[in-house]
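In the two assemblies presented below, chain A is common to both, partnered first by chain B and then by chain C.
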Partner chain A sequence: MNKLSRSADWIDQAEPRKPRKVSRLDRLRDAVRNPGFVAAVPISLLFIAGFLAPLTVVVLFAFMPPETFSLLQVPTLDNFRSIFAGTYYLSFVSSLELATCTVVILLVVCYPLAVAMVRIFGNKGSILAIVLAAPLFVADNLRLMGWMLFLVKGGVVSGTLQTYFGIELDSMLYTFSATLFGLVYIYLPFMLFPMVLGVSMVPPKLREAAFDLGATNAQVLREIDIPLAMPGIIIGALICFILVAGAITEAKVLGGTAVVMIAQDIQKEFTFAQNWPKGSALSVLLIAMGGALSWALFKRVDLDTIFGRK
Partner chain B sequence: MDDVSRTAKWIYGSAIGLLIAFMYLPMLTVALASFSRSRYFKFPIPDWSTEWYAKVYESLSIRELFSTSLVVAITVGVVATVIAFFGALAFARYDWAGRRIYQKLILLPILFPQAVLGLALLLWFTALGITPTWQATVFAHLVWIAPIATLVISIQVYAFDPAVEEAAFDLGATRWQVMREVTLPLLAPGIFSGFTFSFLLSWANFPLSLFSSGADSTIPEWISAKIQSGYTPQVPAVGTLTMAAAAIVMALGYAAFSLMAWRKSRLEAV
Partner chain C sequence: MIVETAAATESAARTGDPILRLKAVDKFFGDFAAVDRVSLDIHEGEFFTIVGPSGSGKTTMVRMLVGMDKPTNGDILLRGERINDVPANRRPTCMVFQSLALFPHRTVGQNIEFPLKIRGVAPAERKARALELMAQLRLPDSYYGKGVLQCSGGERQRVALARALAFDPDILFFDEPLSALDYKLRKLLEKELKDIHRETGKTFVYITHSLEEAMVMSDRIGVMNKGRFVQIGTPNQIYANPVNRFVSEFMGEVNVVDVERGAAGSLVDRLTGAAYQSPAGDSEFREAALVVRPEDIRFLDHPDDAADNKLTGTIYNDYLLGSRVQYQVRVGSSQIFLVEKLREQQLDVARGATVTIAWDTRQSMLFATPSFTQSMVAR
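Then we have the complex of A and B:
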């Protein structure tokens, strides 16, 4: 890795009699000439033009007067005032509620699965990972439509029950739980894969040693397995929470009108209502929430010490 | 591992089996629904038919959707792979001043809700006066997919031994020759899986296409519109075809990846 900087040292040593003061400009030139910097240019440009700039526009629009389409106006807080005065907190609450429930369910469900994948299928891991990752390459709404056909009245579940067992079942769709189910299904891989990484960081020898010293199963789980797998667990939980808080399709396909999530409100403001500033202000609140959450979590759980302990 | 008892193995194995069934159940239901003769889905299916596939085949507008999706996915696949190849070298190969912050920043788009990202891009395009077309969709996809491809290729780059490149330089190879004869062949499996990932993620993407494609609809957009209003078994038929296409691409990708990994292991053994 250091080969390149070392060869630069060697060039400097070729003329040792003229001790040249390295100016800030020289240092900048050296940094810019580094192949790593050059290689980073294309994706960084994409990041600036496709992520940073659009988000800046959203933030700026959040402070423009309501129902206007230009950025060249006097900044105002009207959008935030009308959001806090209105009923938008309801969709924020339901998004947060769904995100919390999804993350809790996924934590409980995915941990044993991650352990099974690492401990039992260690060598077959890559094939299993491909089989489990493949559904990510099928559009979310198509897979949710599959669940819709599965759960709808007259669908796979209620049709089977009625035909073979004579049990009448009402539709299971268009409820809070149906939305939650869809979210758990769609975001399961986003929890499972980081967790698998986390669980595979636990050295088997440490567990054996603990067992040899007389630790019980529960003690090993509490003192070794979970703390050492924590980085993966936290990253998985964080990704899921942020993505679910901004999710939209699950509530639309499986939730009907029972649940309104915040991303639906944002979309409505941008499209039907044509109120860009208000949609932007809602987006800013959502982004700020996600950002604050990740900051608080990363601050509380020091990733460096956990990684460094390895 | 021998410390795992037979019972535990059995329990873990069936848990994984259930998980796989759970993941594939809705896709199976979609495939099932596409063979139903009646317009509305009813289970158990009283009458089977392939007429909806014939209708899909005859429909010119659906052909148009397929070709739009294919063009977008191929373009995204190629461009994302090129960007991600260099991005991965900066991510994992070279030591440079901004590397730490770069690693965190370029991953941010992955951790961002796609619907909100799509709307932000819509606002940005409108502010610049860009009309939504399939080219705008390609750009929107790239923002999210190029970082993922960078991660995929980086995994291969981490396993790459820089000494091989240095040896080639010492033997008098030019920068271009080293790239062509050493770096590219050794990283080929990673580059190829980067391409496959990018293609498939673009093929299946809905939230980013929705706000950027304008009149050039992709298949997931059409499916979404039809779920909201106008369900016919044509929808699961189209869905089944897209899943079959994704499965074929995955199978080919896996075969090619295995072949390249095998050639690479021979290359390194010499």
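Then we have the complex of A and C:
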């Protein structure tokens, strides 16, 4: 019997290998030792302490009896009943109206700007990005105060017009338009940057191909540019809509009493009225609206394509 | 029947006015002439291929022809009308891109229907036409609603071609659309494309860096180098009579021997000092390149057999190229000749064996031009 066949015999007689038994404890230990898990621990703790915990408290308070300060009571829907019976819907409407107007204006303003930054300025687009992002380094309250000086009666705008041109203007402050202007101004970067990302995802070759196949500029825009930039456009619109719906400063500084947004009502309930449960109930309604909108839109947009993982 | 069609195409190509005419067309990028005073006629119904190495100006050329770039000087005439300033979307031509440029957010059907949708053709009619084209290009009907990203490389090629055919162009341009595919699929699609050309009778202008690919498909080939056409002719003409060393080397592996002028019309190998007969007689030059194709060199059965040019060397290595065998024969200490034989004619000798190689003088070519490699380095 030669060497080769002997080794074959050895293989035949060998016991089939059994998979090593992995207990649940082993699996847990492996998961905990995983560097991904370890790296995610700090942010997870922050997320739990800073976001989930307060959110839970707010949701629980929304179902507590009005004007109480304890979570250990029998849940009730009284807060929601009084909200729907009162005039809070006016604040909701005004918030949603401002949010919609802001988003629409921003879409129109930012799209050409994003196209310019991506396609026309090329490498110099980053200079434009820095210029546009620079205001973010100044607190938005301060910037709004600045606009107040511009728009107030006898301020920079109306004062100049009156002194040099004899045109008398009433105060532009404390109006719906002034608030809308402030919102558009403050939230522009939040629309622009996701949109730049979206526009840069459109391959120039596809535009050329569509053009070559006979499409006019308008048809290229409708058939190629906008559909392919859509993920960025939707993200930008969603971020702006939710931020504006919950905005408060712009309405307070530039809107005065002419505009009451829902966030002002919520603040009033928590502070002046000392009615935490009602403030919580209003918050829950606002969160539910934002959540529903996000859920509806994210069903249409795949985040993976935005981050180039597909 | 087929013969008749071919004859008709042939006669149209020869007699009628050219469908596309270039008159001294230049394209400058700064001081650099990417396309340098090119004049060219392309005839109705012909398959014309522009071949050149990268940087030869062929892509710039096709971009001007489809209307994505404007020539700096000169005129481009389509059926006698100047189209220099007509933008791409108003020209009756279209292009299949190297990247194919399929619309990823649209299905196969929507991609093919795109040019029809642009023109406002009714949806039912669009769909009928798309399915017709899909059948012609052997794409199953079930692909109509499939996303283009789910298609394989070869299927995407067909979708891109179907989309271009749906546009129904007068001239269809191709910018190296097969270069990203594997060898086998490329060979298959080359033949399919030639079949499609025959079926549609349209004028095809094809850009490639592979002369081999051009040979398979084209009616005529234009070889480009440094922004100019070096040679324009049928595949047979170009293969049989390359005008210079660039074209002969571009065609594939050839033996190039640096020679200088010897006594009475003979050539002297600058490396080994061996003497060869000149195919060009006693022409005026100091240094030149003698080009011999590997398949034109034969092995002599006996070293004393008569031959025009004879060299003795050793077999250094051999490569099996499917139906052919290639031998590297080393002559002297450093000179290598490539010799190709059909597989049935394989030598029955081992590596290191001494052999005698020979070629007929009339099968060699003499060029007094700088080499391909030198010209590439000089760019």
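Throughout what follows, the second predicted complex is superposed on the first by the 280 of 310 C-alpha atoms of A that agree within 3 Å, B and C clash if a C-alpha of one lies under 4 Å from a C-alpha of the other, contacts with A are read in each partner's own complex, and residues count from 1 in each chain.
By definition in this document, a contact is a pair of C-beta atoms (placed from the backbone, for glycine too) under 8 Å apart; a residue touches a chain by one contact, two chains touch by 3 or more.
Remember, it's a predicted structure, so these values are computed and weren't measured experimentally.
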Touched partner set for A:Asp225, first chain B, second chain C, both or neither
neither
Touch check for A:Glu208: first (chain B), second (chain C), both, or neither?
both
Name the contact category of A:Thr216: first (chain B only), second (chain C only), both, or neither.
second
Report for A:Glu250: first if it touches chain B alone, second if chain C alone, otherwise both or neither.
neither
Going by the contact rule set out at the top, does A:Phe121 touch chain B (first), chain C (second), both, or neither?
first
Touched partner set for A:Phe51, first chain B, second chain C, both or neither
first
With both structures fitted on chain A, tell me whether chain B or chain C touches more of chain A's residues.
B
I'd like to check the shared interface: which positions of chain A are touched by both chain B and chain C across the two complexes?
208
Per the touch rule, the chain A residues reaching chain B in their complex are 1-5, 31, 34-44, 46-47, 50-51, 53-55, 57-58, 61, 71, 112-113, 115-117, 119-122, 128, 130-132, 134-150, 152, 154-156, 159-160, 163, 185, 188, 204, 208, 238-239, 242-243, 245-249, 252-253, 263, 266-267, 270, 276, 279-280, 283, 286-287, 290, 294
In their complex, what parts of chain A are in touch with chain C?
203, 205-206, 208-216, 219, 223-224, 227-228
Chain A-facing residues of chain C, complex
66-68, 87-90, 94-95, 97, 99, 101, 103-105, 114-115, 117-119, 163-164, 167
For the chain B and chain A complex, residues of the former touching the latter
1, 3-4, 8-9, 12-13, 15-16, 19-20, 22-30, 32-33, 40-44, 82-84, 86-87, 89-91, 93-99, 102, 105-106, 108-109, 111-117, 119-124, 127, 139-140, 142-143, 146-147, 150, 162, 166, 200-201, 203-207, 219-220, 223-224, 227-228, 235-236, 239, 242-243, 246-247, 250, 254
